[in-house]
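The same chain A turns up in both complexes below, where it pairs with chain B and then with chain C.
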Partner chain A sequence: MAIPLSYNFRNLRVRKATTVMTALGIALTVAVLLGILAMVAGLKSALQSSGNPLQMIVVRKNSASELVSQVAREAISAIRFKEGIQKFPDGEPMVSAEIVTVMNLPRKNDPEGANVTIRGLSRSGVKMRPEIRMLSGRWFEPGQREVAVGKSVAARFVSASLDHSLHFGRGDWKIVGIFDAGKTAFDSEIWGDLNQIATDFNRSEIMSSALVRAVDPIALQALKTSMADDQRLYLEGKSETEYYAAQTSTARPVEFLGMFVAVIMAIGSSFAAMNTMYAAVARRAREIGTLRILGFSRGSILLSFVFESLLLSLLGGILGIVLVLPMNGLESGIGNSVTFSETGFDFRITPAIIVVGLSFATVMGILGGLLPARTAARADILAALREL
Partner chain B sequence: MNNNFIIETKSLTKEYKRDEFRIMALHQASIQIEKGEFLALMGPSGSGKSTLLHLIAAIDRPSSGEVTVLGQNLQALSDKEIARWRNEHVGFVFQTFNLIPVLTARENVELPLLLTHLSKKERIDHAETALKLVGLGDRMGHYPRQLSGGQEQRVAIARAIVTDPALILADEPTGDLDSQSANEVLTILSKLNKEQNKTVVMVTHDPHAAKFASKIRHLEKGELLPKGVLPQV
Partner chain C sequence: MRKYIPFAFKNSLRNKRRTILTIASISVSLFLLGVLIAVYHAFYFRAAPPEQALRLVMRNRVSLTFSIPEYYEPKIRQIPGVKEVVSRSWFGGIYIDNRPEYFFPRFGTDPERIFKVYPEMTIDPEQLKAFQSERTAAAIGKTLAEKQNLRLGQKITLKGDIYPVDLELTIRAIFEGTADSSDNVMYFHRKYVEEGLVNARKGLVGTFAILAESAEAVPRIAREADEMFRNSDRQTKTDSERAFQLSFVSMLGNVKVFLLSICGAVVFTILLVSANTMAMSVRERIKEIGVLRTLGFTTDKVLAMIIAEAVIIAMLGGLLGCLMAFAVVQVLGSSLQVMFGTLRMPPVVLLISLGVAFAIGLLSSVIPAYNASRVPITDALRHLG
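Our next item is the complex of A and B:
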């Protein structure tokens, strides 16, 4: 049997101050890591849940996003007659011509502002996204300088609330509604009437994209293929879900930077834990010698000190989780490098993220504890007993 | 080998080499200690008393010579085997008590039993019996800092005897104690020797402490002096 665990618990308690300081260092490291992971998880969930699997976004070939795509109005008219497109009850094909552009708007607590996606679309475009609910107000009327804004826009931009006006294009636009797109990327957009927006931005003939709904997945595939084969139109169709999922690459630089910072901090925290444990080993040299004389093996001494370091870092890990927990569900936004506008998201602290945080702390504890524990285990009994 | 000898050393030598310095801590010491003896090792500081005790307890390895304890040639054992062997057969008492400060008296005494196959309940029973034996039945839950030096040393003795070893080795067990506490500790060691037939080897400076022993041997400058011979003053 090994040295009792209560020995380690009590030693941590006896040197409260160092224990707390070291644990705090580890806690901050874990908090940074978890913050980044929560952000990435939130962003991925916002982007991945956007889109209907039967719908595709038609853009100019090789366009990474709707923003940089140009599609002539006639091309969209040509698409309307393709096979396999679902129809509205009135027989109109479900094809929505849309204009996507970005606009800088001042943000609450950031006068520099940030880019917001503005989408011009017809009422059929709205109807093709039935999952989007009006939270308050109503949709824009055709022919009016009216817009509806997504709820993350309303939450984060100055004067983006109901009955206020936004200034862009050739004048003011009245906000007549705030919609909830269920945490998808649309929540970060401003929607207005296609023709009004086309006029303001001088784009009557050049649309950005078309949203097309197929009757079934096979028809969707066929439509994609026929689109790709049509050299004259020079368009491509991407299924809506894939299109948004691909934008999660937006999070990659932040993810990378965050991981980098977390790893650097982890190295620092490991050294702090190591330092604390070296001090503990030095201070308890006589105890170590005594335990050895009582018959405890070098192995059990090693284990005991590694365990103590582990305990210390797990304490830090739990503290770190407690620190980031209030972030769960917190709304924020990130510049989307694909759409050149902000995508709003919620921080998501999932159980998986908590497990990652604890594992991270575990690794720090073991790495920090190993060398001091080895020193303790290797110590000569008599030399250890002579220490003060 | 005479089976009555619980400890037998032959030409036991321990030499420390440091740079060009060579310190002969113990030179060619041959001693035979009988079962049930209470032996006091005396001698001036630096004469090699602790060194001899450490070699008998297999805490240190000799430079040359042989040491056989309880019929076991200690050189033949690996580090791991020695740890087990010591846990089973030797109780060690230090001048500075060396209790674990974060553990209570009972937990300190229980420590060596963690290496045995006893159940938790048996361990506690044994620890409490040992503490009662040293007169600390009412201090089981106390931490070392809540005890006097004499009481700490009695806890340390309880810890040394809890595995019921045949041999108790004590290195100046009264060195840090006032005379009354020293007497209590010596009385306990003497009782363990007489009533439980434990063999006790005690290093001491103090002639009064040595009176509790049944035999006295002296060391001087690393040499074990012949029986009855005292170092020149």
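Our next item is the complex of A and C:
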């Protein structure tokens, strides 16, 4: 027969101070793990939701990113006539020549600042990303020294707000709009008119990339193949979604560090939980003896103590989750090794992360409780009853 | 006081299992703390080689991805206090394939000057001559040679991306640097890269490394250099080499807050663990404390003894943790690259960790010890454990 669970609840309540301290230790361990997981989840969601599965980014062969790629304007003109490219209602093919570069901007709390991606594109390039909407202000006008900035850039960089100016290229650029790209990587970019940016950077003939939308997935594959086979153009097409998803490699060092820290902290916390449980077992030696006399088996004593440890660590786990919940939605940025600029993201505490936190706490509880519970279960009845 | 230390020590051994578990818990956490502080140290306090204090880096004001004209070089040279200037252009490109194990920094440079601006890179004079006199020659650091298994005379191909040219290079020199930034790198002739470029892209470099005559002149040179090109269409940003490197750390995101908040959580967790243990062990001993008090021990002595016990336990944990951290960093350090080099465990990091352990011992026992020493003797003697 199992010992009633209320026995364990009451015991935890009687030893309030110890319970709280042990649970808090576990809570911090869980909080660190979840904080890092929330960061990685936020970054991954920003990158994995970027791009349209029917679109591809065309870069120079062997170029890992748009930033290092160079594509001649004629080459882009040549692509326009390939088959399988979707058309705008006016019959123009959906091909957008773009220039990508980065500029250093001071952050709100850090004058050293970080790099921000600048994208030069035409209005058709904007239209090819219909999920992006204007939050305030308007889009840049062709031929004007105007830019629109992503929401995340506006939030985190000094002088990146509406009606301010940015200085790059050959002078000042007025910020005329702030756009919302739905938490995708575009939120971390500054967009301006292609030709104006090309003139400023002396690269009117050399673009960075082209964005191409295919009519369907089969046409996309065919376009990729025809691009790869055309030795004269020396280009390669990457699916837009895959291109951004591949950048999640940026999160790997953080993920690694997070796992390392969490596992080590968990070992420390398990020892602490073990300590608490051993003390609990020692203090209740007589009780254990009494329970055995009453007919509870060794097995149910073992179970009861493991359960108590589990309860303790779950309390810690829940506390840890409560501790990190305020981080949900917190805006931050991380240096993206592919784009050489900062990608903004929000910390995201997803249900999956909460489950990970609770399971992590469960493991700690079982590891910490098993040995003390075994000691309790093995106690000799008579000796236990004689204990003070 | 000295005779009470063994007493405190004995006390810590009365419940061996608890003491061992506490020490284990503290040592594991302090191991983690030690490694984290070492990473933090590597980011923000890495000891700079003495040559670094004399060097500046000039880049395009907009960002590192923009170039600056090579004709700035003679102008920079005219600034008083400038000893030598050399261009370094990040080539990027692909060696073998895109996998990270084949990635290493590669620069186009001026072979006549690069070793003057970086005197910590020692090179055999014969090899230097060979590197300088052959258009397609490359010089590589020793670490790089070992990692990529490259020999003198070997030919390697770099496929360009930022520069749309492919380079066929022959390794003519292997030099020895003092840090990874000067040893895990490849240099070749910038002129060779330019041969393959269209005219519009010629005459541009990535950065200039400037060697100053004295460290005092560095801030002034930075100011004057930037002032000199303020009205040109390619403005510059000149920083000390150290500041230039730190700007890469800044680019990673808020590393400082990230590391410090983890360290904070770790320290607070150890504090909780340790305080919990001390509270448990004091609670069991109230009666004994009553006996000590009857024997004439003052409250202060009782207090001191309990604190000493906590400090001994925390320090043992701390020592063990530091040892582990030291061993792990020694063994794995070379494979854990932190920004500009291998992870190391400088003595100051170990000292900080031990200091933290000491503080934790002290802080964790103050409240339980204070409470225990203040319990009236009669109550203490009547106390049931």
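To be clear about the criterion, the second predicted complex is superposed on the first by the 383 of 388 C-alpha atoms of A that agree within 3 Å, B and C clash if a C-alpha of one lies under 4 Å from a C-alpha of the other, contacts with A are read in each partner's own complex, and residues count from 1 in each chain.
Just so we're on the same page, a contact is a pair of C-beta atoms (placed from the backbone, for glycine too) under 8 Å apart; a residue touches a chain by one contact, two chains touch by 3 or more.
Worth saying up front: this structure is predicted, and the values here are computed from it rather than measured.
K.L.:
Touch test for A:Ile334: chain B only (first), chain C only (second), both, or neither?
P.N.:
second
K.L.:
Between chain B and chain C, whom does A:Ala64 touch in the aligned arrangement: first, second, both, or neither?
P.N.:
So A:Ala64 only meets chain C here.
K.L.:
Could you say whether A:Thr276 touches chain B, chain C, both of them, or neither, answering first, second, both or neither?
P.N.:
Second partner only, chain C.
K.L.:
Would you mind checking which one, chain B or chain C, touches more residues on chain A?
P.N.:
C
K.L.:
What is the contact status of A:Gly113 with respect to chain B (first) and chain C (second): first, second, both, or neither?
P.N.:
A:Gly113 contacts chain C only, not chain B.
K.L.:
Touch test for A:Ser6: chain B only (first), chain C only (second), both, or neither?
P.N.:
After superposition on chain A, A:Ser6 lies in contact with chain B alone.
K.L.:
Starting from the residues of chain A touching chain B, keep only those that also touch chain C in the other complex, and list them.
P.N.:
On chain A, no residue contacts both chain B in one structure and chain C in the other.
K.L.:
Which of the residues in chain A end up touching chain B in this complex?
P.N.:
Against chain B, chain A makes touches at 1-4, 6-7, 10-11, 13-14, 286-287, 289-298, 381-382, 385.
K.L.:
Which chain C residues qualify as touching chain A in the complex?
P.N.:
The touching residues are 17-18, 21-22, 24-26, 28-29, 31-32, 36, 61-66, 92, 94, 98, 159, 161-162, 164, 200, 233, 237, 246-247, 250-254, 258, 261-262, 265-266, 268-270, 272-273, 275-277, 279-280, 384-385.
K.L.:
Provide the residue numbers of chain B that touch chain A in the complex, in ascending order.
P.N.:
The contact residues of chain B facing chain A are 54, 57, 59-60, 79-80, 83-84, 86-88, 92, 94, 96, 98, 100-103, 107, 111-112, 114-115, 159.
K.L.:
So in the complex, the part of chain A that touches chain C is made up of which residues?
P.N.:
17-18, 21-22, 24-25, 28-29, 31-32, 35, 60, 62-64, 67-70, 101-104, 110, 112-115, 168-170, 201-202, 254, 261, 264-265, 267-269, 271-272, 274-276, 278-279, 332-335, 340, 342, 388
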